[in-house]
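Residue numbering begins at 1 within each chain, and the chains themselves are lettered A, B, C, D, E and F in the order written.
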Amino acid sequence: MTVGETSFAHQPFEGIATFGHQPFKSEPGGADVTILGVPFDGTVSGRSGTRLGPRSIREQSMCLWGYNNALQVAPFKDLKVVDAGDVRVVPPDVVATHRNCELAAASVLESGSRLITLGGEHSISLPLLRAHAAKYGPLSVVQFDAHPDTWDQEYVGHRFSHGTPFRRALEEELIDPDGFVQLGIRGPTGSAQDYADARDCVTRMLTTDEIIDTGVPAVIEEIQNRLAGRPVYVTLDIDAADPAFAPGTGTPEVGGLTSRELLQLVRGLAGLQLVGFDLVEVSPPYDPSGITALLAANLAFEFLSLLAVQST
Amino acid sequence: MTVGETSFAHQPFEGIATFGHQPFKSEPGGADVTILGVPFDGTVSGRSGTRLGPRSIREQSMCLWGYNNALQVAPFKDLKVVDAGDVRVVPPDVVATHRNCELAAASVLESGSRLITLGGEHSISLPLLRAHAAKYGPLSVVQFDAHPDTWDQEYVGHRFSHGTPFRRALEEELIDPDGFVQLGIRGPTGSAQDYADARDCVTRMLTTDEIIDTGVPAVIEEIQNRLAGRPVYVTLDIDAADPAFAPGTGTPEVGGLTSRELLQLVRGLAGLQLVGFDLVEVSPPYDPSGITALLAANLAFEFLSLLAVQST
Amino acid sequence: MTVGETSFAHQPFEGIATFGHQPFKSEPGGADVTILGVPFDGTVSGRSGTRLGPRSIREQSMCLWGYNNALQVAPFKDLKVVDAGDVRVVPPDVVATHRNCELAAASVLESGSRLITLGGEHSISLPLLRAHAAKYGPLSVVQFDAHPDTWDQEYVGHRFSHGTPFRRALEEELIDPDGFVQLGIRGPTGSAQDYADARDCVTRMLTTDEIIDTGVPAVIEEIQNRLAGRPVYVTLDIDAADPAFAPGTGTPEVGGLTSRELLQLVRGLAGLQLVGFDLVEVSPPYDPSGITALLAANLAFEFLSLLAVQST
Amino acid sequence: MTVGETSFAHQPFEGIATFGHQPFKSEPGGADVTILGVPFDGTVSGRSGTRLGPRSIREQSMCLWGYNNALQVAPFKDLKVVDAGDVRVVPPDVVATHRNCELAAASVLESGSRLITLGGEHSISLPLLRAHAAKYGPLSVVQFDAHPDTWDQEYVGHRFSHGTPFRRALEEELIDPDGFVQLGIRGPTGSAQDYADARDCVTRMLTTDEIIDTGVPAVIEEIQNRLAGRPVYVTLDIDAADPAFAPGTGTPEVGGLTSRELLQLVRGLAGLQLVGFDLVEVSPPYDPSGITALLAANLAFEFLSLLAVQST
Amino acid sequence: MTVGETSFAHQPFEGIATFGHQPFKSEPGGADVTILGVPFDGTVSGRSGTRLGPRSIREQSMCLWGYNNALQVAPFKDLKVVDAGDVRVVPPDVVATHRNCELAAASVLESGSRLITLGGEHSISLPLLRAHAAKYGPLSVVQFDAHPDTWDQEYVGHRFSHGTPFRRALEEELIDPDGFVQLGIRGPTGSAQDYADARDCVTRMLTTDEIIDTGVPAVIEEIQNRLAGRPVYVTLDIDAADPAFAPGTGTPEVGGLTSRELLQLVRGLAGLQLVGFDLVEVSPPYDPSGITALLAANLAFEFLSLLAVQST
Amino acid sequence: MTVGETSFAHQPFEGIATFGHQPFKSEPGGADVTILGVPFDGTVSGRSGTRLGPRSIREQSMCLWGYNNALQVAPFKDLKVVDAGDVRVVPPDVVATHRNCELAAASVLESGSRLITLGGEHSISLPLLRAHAAKYGPLSVVQFDAHPDTWDQEYVGHRFSHGTPFRRALEEELIDPDGFVQLGIRGPTGSAQDYADARDCVTRMLTTDEIIDTGVPAVIEEIQNRLAGRPVYVTLDIDAADPAFAPGTGTPEVGGLTSRELLQLVRGLAGLQLVGFDLVEVSPPYDPSGITALLAANLAFEFLSLLAVQST
C-alpha cells in the first residue's frame, strides 16, 4: 500500500516477499538482472525440502539493506532488478521441469537480462547451463560445492539428478573443459574413483582443505588467472559452507568453509566476465533459525554486486 | 514466469507468496475484495512475533485450492480478489501505525472493495473499525477471542494496546452497543471485574464452555437472530482456538475451541450483512509446523467465501 | 547384544529401530505379517519429507508395549511379525519406484504373509493395490483421507502422483467399484467438480462433518454392512487426522478427525476380511515432537491387531 | 526492581520466573501453599527431559493473570503462596533423590502449608505420598494418567521408577485401597495382565474411552461420592492429555483427553478434602511452542484454586 | 529448599533461574555487581523476541561453574553479585521504558554497585549510558556489534530505536567522542553514507574483516592504548558473533566473529577502567538449542570476571 | 527387500538404520570391527537426552558414502564391520548399566573384533576402559573433550557419573598415567583446583586455546611422539566441538574447536596403535538439524578409517 507510506526504507518483516523487495514481473524484458526461482527437489539423494528454498531465500532477502560495503556498489540502484517468480515444476518429471527451466532462462537471456537463479536442487544447473551456453557458447564454470556432482548415470538410478548435472553438461559440451573450477569439495565418496573421475573432467578441483592450506587470496588469484577473459557461469551449492553455517541443506558435509571464507571467495570473482549464476540446495525444513537462507540471500546479493561492479 | 507454463494449477510451494496466489496490487481500485497485511506486534503482552503473521498466513494460503465445498462457492472465481501487501508500520509508535492502518483501510473501502485484514496483533482492530464505521456507521461486531480485549488504559501501561481495542472503539462509538458478540472467552483474568466489565460493554459474551454447553447450532441461531440486518464486522483472534490447534500465538489459553468448531461458527455467519473482517495474533515463531497459519489462512478463506455467498 | 540382557522388555530408546522391535528379515517367507517401508516423496504437491516417514514411524513404534487393551490381542505374540526394511526407490522415477514396490509386495504376498506398508506418499497405494489385486481379485477399499486422491492426469502434471492413485486403480480395475469407501474428506478443492468426480467413482464418500454428524458407531455399522464378506484393503493417509493431532504431513487440512475418532473407526473394521494395509504421508520434518509418527505407529499397531483378531 | 514501577500488573515476559510471580522463599513457614519443584528424570522409560519441567512450568505460569473465572476465586490473593524452589536431586540415585524430596515435603507440611509439587517424573509421587501420609494417614488418591504406574519391580529393571510409584505406595500402605481412582488410562501395555493387575490394586480405573462414554459430569459425580470426606491426594501426569494438547512429555499416548475435558475433571474435585497435589512428566525438549507447560501451569493454577475454594 | 541439601554445587537444571544461581534482590544496596534485565523489543527492525532474552540468558547462566580459568578469577566468590530482576517495560512506549531503565540503573549505581544489564534490544543502551554518564561523566565506549547503530531519526520511523542509541548518546554528550570504538561491523547498509556517517561519529570503527586481517592481539593492543585511563562502558550486541554461533538474534549478519574471537576480544579489555556493561539482542525464539543464550551468559560471565580482575 | 534391487548404492533415507548400512549382528564373532550403542543418560549434569544419541548417530551415518578421501581407505570394504545394536541399560542404575556395558564390550573383544562405542554419556568410558584394559593392560588415552571429567566423588553426588570416569579409571589403574592426553578443555570450572587436579592426573592437558596457539600439526606431532608404540584408547566427547558445530549436547561450552580442526586432530592419530574408541554425549533433542549427529557419524567413520589404515 502506498497509503500510509513513511520516509524510511521497507522493514524486513514488511511486504510481499520478493527478492530484496524488488518488483515482481513475470514477463521478461526491461531488466538488467532477473531473479528466478526453481522450487524443485525431485532428484535429491538425502533429505528433501529444497522446493521451499526460493521462498525462504526471498523471505531472508528482505534483510538486505542495499549497499555492499565490501564491493562498494548498490546493486538495487545501479541495476534494474526484477523478481520473475518461479518456474513451473513437475515434481515427478525431472525432464519436464528441466525443459520449463531452460525455456524460462532462455527467455530471460533473450530479453537482454542477466539471470540469477535460486534453487531448488542442483540438477537445475543443467538446463540453466543449456540456456546460457546457447547464448554465450561453452562456458567456464566456477562451482562452490561439497560434492563434485559429476557422477555418471547410476547415482540415484536416473540419468538426471542432483549428483550428475556437470557430467551431463560436459557431455553436452556446455562447459569449456579448460575452465571448470570446483571449490570446497570434501567428505566421503563411494570410492576413490569418484574424485579421480571428477579430477578427470574438471580443470581444477580444490578441496576445502586445499583452499585453507593454499589461502583464500592465492586461490582467488589462481581463479582470476585461469578464467580471465572467458564467459564464466557461477554455481553455488550452499553445502559448500559448513553445516554450522548452513544447516538447512539436504546433504550436509562436515568440515566445510565458514561464511566469511565463502563470501571472500565469491567477492574474489570480481573482474571476471560473469554471465550467469545459480544458488542451490537450501532446504528450509532443516533451517529453524533461517541462517542458511540468510547466507544464501547474502551470497545472491554478492552475485548482484558482482554484476553491478561489472556494469560500472 | 509464464514461460514453461503447464496446464495444472499452481502448486502450494510455487510462486511469490501473495494470498491464495492472487495478484499483488498496491494501489486501491478494481477489486471486490482486498487482502491487506498489518505486520505489527508493538503492544503485545505475552510473546512477540505477530509482525511475521501476514507473511506466514500468505505462505500457508498457497494451499487453498479455491472451491469451498462447505459453502459451495469459489471465491477466487466469483470475486475479484487482490493482495495489497502490507501497511507500513512503525514498531515503536502505535499511534502512527494505527494512522497508517486506518488510511490504508479507508482508501480500500473508498475504492468500493471489501477488506480482509491479516494481523499483526489485535490493537489494529481499532483503526480498522474506524475506517469501516466511517463508511457504514456504528458496526455490529462478532469477535472470536479467548480474551475480551475490553480492558481500560492500564493494561500494558498504554491507552492503545492489544488488550484494549474494543474499549476504545466503544468509547469512540464505532461499535453498536446492541450488536457486539464475543465468542470463545476463557481463562484466568486479573480479577472478577474483568469479565464483569466486559459483560457490561458487550451485548453478549459467550465463553468457550457456554458455546459447547449451548451447542454450536444454537449459538449460530442466536447470532443470526441478534445481528440480522445490521452491518457486521468480524474480528477473529486466532487464540479463540485451543493451543493444540493454534500453538503459534502470543497469549495462548488452554481449553479452547477446536478448528472444526471454529470453522462451523464462522460459516454460521453466512447470510449476515458482513462488511469487514480481520484475523489477528498469528505468531510464526511459535508455529513450527505451520498449522496455526494454515488455520488462519483457511479462516480467511471462509471470510472470502462468506463474501462470495453474499455476492451471489 | 544378548550380553548384558536383563529380564525386562526392551525400552523405547534402545536397539536398532525396526517396527516394534520385531526382527529384520529382508527375504520373504516364514512370517504371518510383514512390515515394509516405501521411503518415497517424489510426487507430492505440498511439503516434501515423506521419504523419512518409514524411519520415523519405526522409531516411534518402539513405544508400543505389545498388548492391545481395546481389541484384547497381543499381535506380536499371536502373529509372527517381521520387518522387511524398505523398498528401493528412485526419487526422480515414479514408475520405477512403483515397479519395485509392486514386486516387493508381490513377493511378500506370495510367501503367504500379509503386508502392512509404511509410506512414503500416497501414490504408492497404486502398486500395492496391483500386488494385492493380483492375489485377491478386485478389492474393496477403505480409505481414510482428507483428500479423495481420485484426480485425473493433470494434477501435478503427471499421470502418477499422490493425488491420483485411486483413479488409476479404478481404471486398472483393481478396486471393486461397489466397495470403495472414503472417510474424512474435507477442505477446499479446485472446483465443485472434484467432489462430484470423487463421488462418481467412489461407492461412499463420507466427509469429516458427515462422520461426526452421523456418529462414529453408525458409520462403522454402515461400513460393516457394505463390505462384509469382501476382501478389503485399508489405506490410511495420516492427514485424515486434524493437524493438531498430525502436524507432520505434507498437505494438512484443518477441521479433521481427532486421534480417538480415528482409532475408533479403524478398530471398527474388526471382523471384515482384511487383506492388506498401508499408512502414508507422515512427513517428519514437520513433526518436531514426533506425535504424528507416534499416531501412525499406533494406527499400524491397530492394523496388526485387526489381523490378530482375524487369525483367532 | 521497584524503581521504575508502574501501576499495571507484571507482564508474562518480565521478572524472575517463580510460579505465578509469587515470592521465592526457600525456608518453610508462613505460607498457605508452597510450590516445590523436583527436576528429576532419572527413571523414565521413554524420552528424558522432565528435569527441565519445573523451570518450564514456572516460565509459562507467568501468564496466569490470577482470577479463576470458572471457580470464582483469586488464589494468589486468597492464599499466601510461595515458591520454595527445587529439591536437590541426584540424577543417578533415585533413592537419595526420593529422600530429599520426602524431607522437603515433610518440612513444608510441618510448617502448616499445603504443597503443590511440580515434576520431574512420576516416581516422585512415592516420597510425596510418604510425607503426606505421615501427616494425614493413608490417603485417597485421584490419579490422572495414561498409564497405571502400578507395575511391579521389573519395569525398567529397578524397584523405584516412574512406572511403579503407586505399587510401592500401596505396599507401604500410604494409599487407602478403597479410595484410589485412576482417570485417563489408555494405550497398549505389555500384556492383558497389566490392566488386570492395575484393576486389582486400584479402587476404580477409568480408561479415557470409559470417561467419554460415561460423560464427564457423571464421572465427577462418581468421584465425589466415592471420596467424600476422605483426605485426597491428587497426582496428575500430563500424559493424561492427548499428545495434541501435551506433546511435551516422555511417554505420550495417542487417543487422550482434551485440555477442556481435563480442566473440567480437575475442577470437578472442588469440595473434596484435598490435602496435596503433584503435576508431573512435562518434558520441555518436546514442547517447542510451550503449550504443554502452559497446560501444566493452568492445571497447577486449578489446584491452587481448589485450595482457595476449600479455604473460603 | 535447604532441606535435602547435599554437598555438591547446584546443577544447571535446578533452582529458580537467577543469573548464575546468585541471590535475587530487588532493592539496590549491598552488592558489588548487580545483574539487571530489560525485557524489551519495542523498536526492533527485524525479527522480534528479545523481550525473552533476559530469561533465556539467566536459564543458560545456570551452567556457569564459577571459576574463570582464562582470567583466573572466581567472580561469584570475589564479588558480591545479586540479580535485581527486570526493569518494568511498557512495550508500546519506548520513552517510558527508557525512563524506567535509567531510573533503575541510576539507583543501582547510587548504591555503589556496578551494573551488568541484559537486554532486550539495543535501544536500552541510551538510558544506560545516561545513568552511567551521570555518575562518571562522558564515557569511552567499546561496542561489539554487526551494525553501527548510529543512524539518525528516520530508521524505523522513530527517534529512539535499536538503530540509533549511539547517535542519540553522542548528541546528549554521554559518549567521549575520542573514546568510541566499534568492533565487528559488517554487512550491507542502506548506502555508502551509513559507514561514512558512522566513521564520522565513531573514533575507531573496525569491521570484522579488519579485525581478522589485523589480528585479535593487535586489535586488543590498539584498544588498550586508546582507552587506557578513561572510564569505559562496554556494550555487546550478540550479532557481533556469526549466525552460526548466535542464530538467536533479530538482525543476524553473516560473516561474523567466532565465539572464540569474541571471547578473546572481551578478555582483552582486562586492565581498562571498566564502569558498566550491557549485553543485548538475544532473541530466544530463534535459538532452538540455546547456544546463543549460552554464549551471552558466558560473555556476561566474562564481564563479571573483568570486574573481578579489576577489584583485585 | 532384495526384491526391487537396483544397481546404485543405498540412499541415506532408505533402510533400517544400522551404522553405515552395515549388517546387524547381535552375537559377537566374525567381525573386524563392531559398533555398539549405549543409550544411557542417567548421570548427566546438564540437559538430558543422550539416551537417544546412538539412534540419531546411526540415522545420520546413512549418509557416509564409504570411501575416506583424506585417509584413502574404504573401511566398510577393507574391514568386516557389524552393528551389534545397543547394550541393555537400566536408567536408574549406573552400576548395572556399567556392568552390562563392560560385559558386552568384553565379549566383543574376546571375539577378536575391535570396538567402536556410541554413547550415551561419558560415564560409559569407565566400563569400556575396564574391558579394554583387561585385554591390553593399562591404556594410553586420547580424550577429546571440553571438560576434564576427572572430578572426584562429589560431582552430581555420586561416585560414578559423566564427570568422573577418568578419575575412577586412574584409580582402577586402567590408564597408563604417562600416556593420558586431553584435547579441547575450556570454559569455567568450580574452582582453580579443577584444572590443577586434572593436570595432576593427566599427562598432557591441552586447552582449546593452547591447541590453536600451538597449531594442529604441532599438536599431532606431540601426540604421535608421546604415544608411539603404546596401546591407545580414544574417547571423544562431542562437546569438544564448539556449540555452533555441535549444538546437540548436554553441557555445551562456547569457544570450542571447529569440525575441521577436530577432523584433522582425529586423522592425526593415524599410525598409532589404536585399540578402542568411544564417541559420547550427542543429545538429539538439542540437534534440530541433525548436524551434531552428522559430525559424530563422520568422526566414528574416521575411527573406522584409522582402523582400516592400521589393518593395511
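Here is the rule we use: a residue touches a chain if its C-beta (ideal position, glycine included) is under 8 Å from a C-beta of that chain, and two chains touch if they have at least 3 such contacts.
Predicted, not measured: the structure shown is a model, and the values here were computed from it.
The chains in contact with chain C and with chain D alike are B, F. Think of each touching pair as a link: the shortest run of links from chain B to chain F has 2 of them. The angle of the rotation carrying chain C onto chain E, fitted on C-alpha atoms and rounded to the nearest 5, is 180°.
Homomeric contact chain C/chain F: same residue numbering on both sides for over half of the interface positions. Mean C-alpha position of chain B lies 39 Å from that of chain E. Separation between the centroids of chain B and chain D, computed from CA atoms only, is 37 Å. The set of chain D residues that touch two or more partner chains comprises 6, 11, 13, 45, 47, 51-52, 90-91, 96, 156-157, 242, 244-245, 286, 288. Of all possible chain pairs, those that touch are A-B, A-C, A-E, A-F, B-C, B-D, B-E, C-D, C-F, D-E, D-F, E-F.
On chain E, the positions that touch chain A within their shared complex are 45-47, 154-157, 186-192, 194-195, 207-209, 212, 242-245, 247-248, 251-252, 254-256, 286-288.
Taken in their complex, chain F has these residues touching chain A: 6-9, 11-13, 63-70, 72, 74, 242, 244-245, 258-260, 263, 288-291, 294-295, 298, 301.
If you check the complex, the residues on chain C that touch chain F are 1-6, 11, 13-18, 24, 26-28, 36, 39, 51-52, 55, 58-59, 83-91, 96, 99-101, 103-104, 106-107, 288. Per the touch definition, chain C reaches chain A in the complex via residues 41-45, 47-49, 51-52, 90-94, 96, 156-158, 160-161, 285-286.
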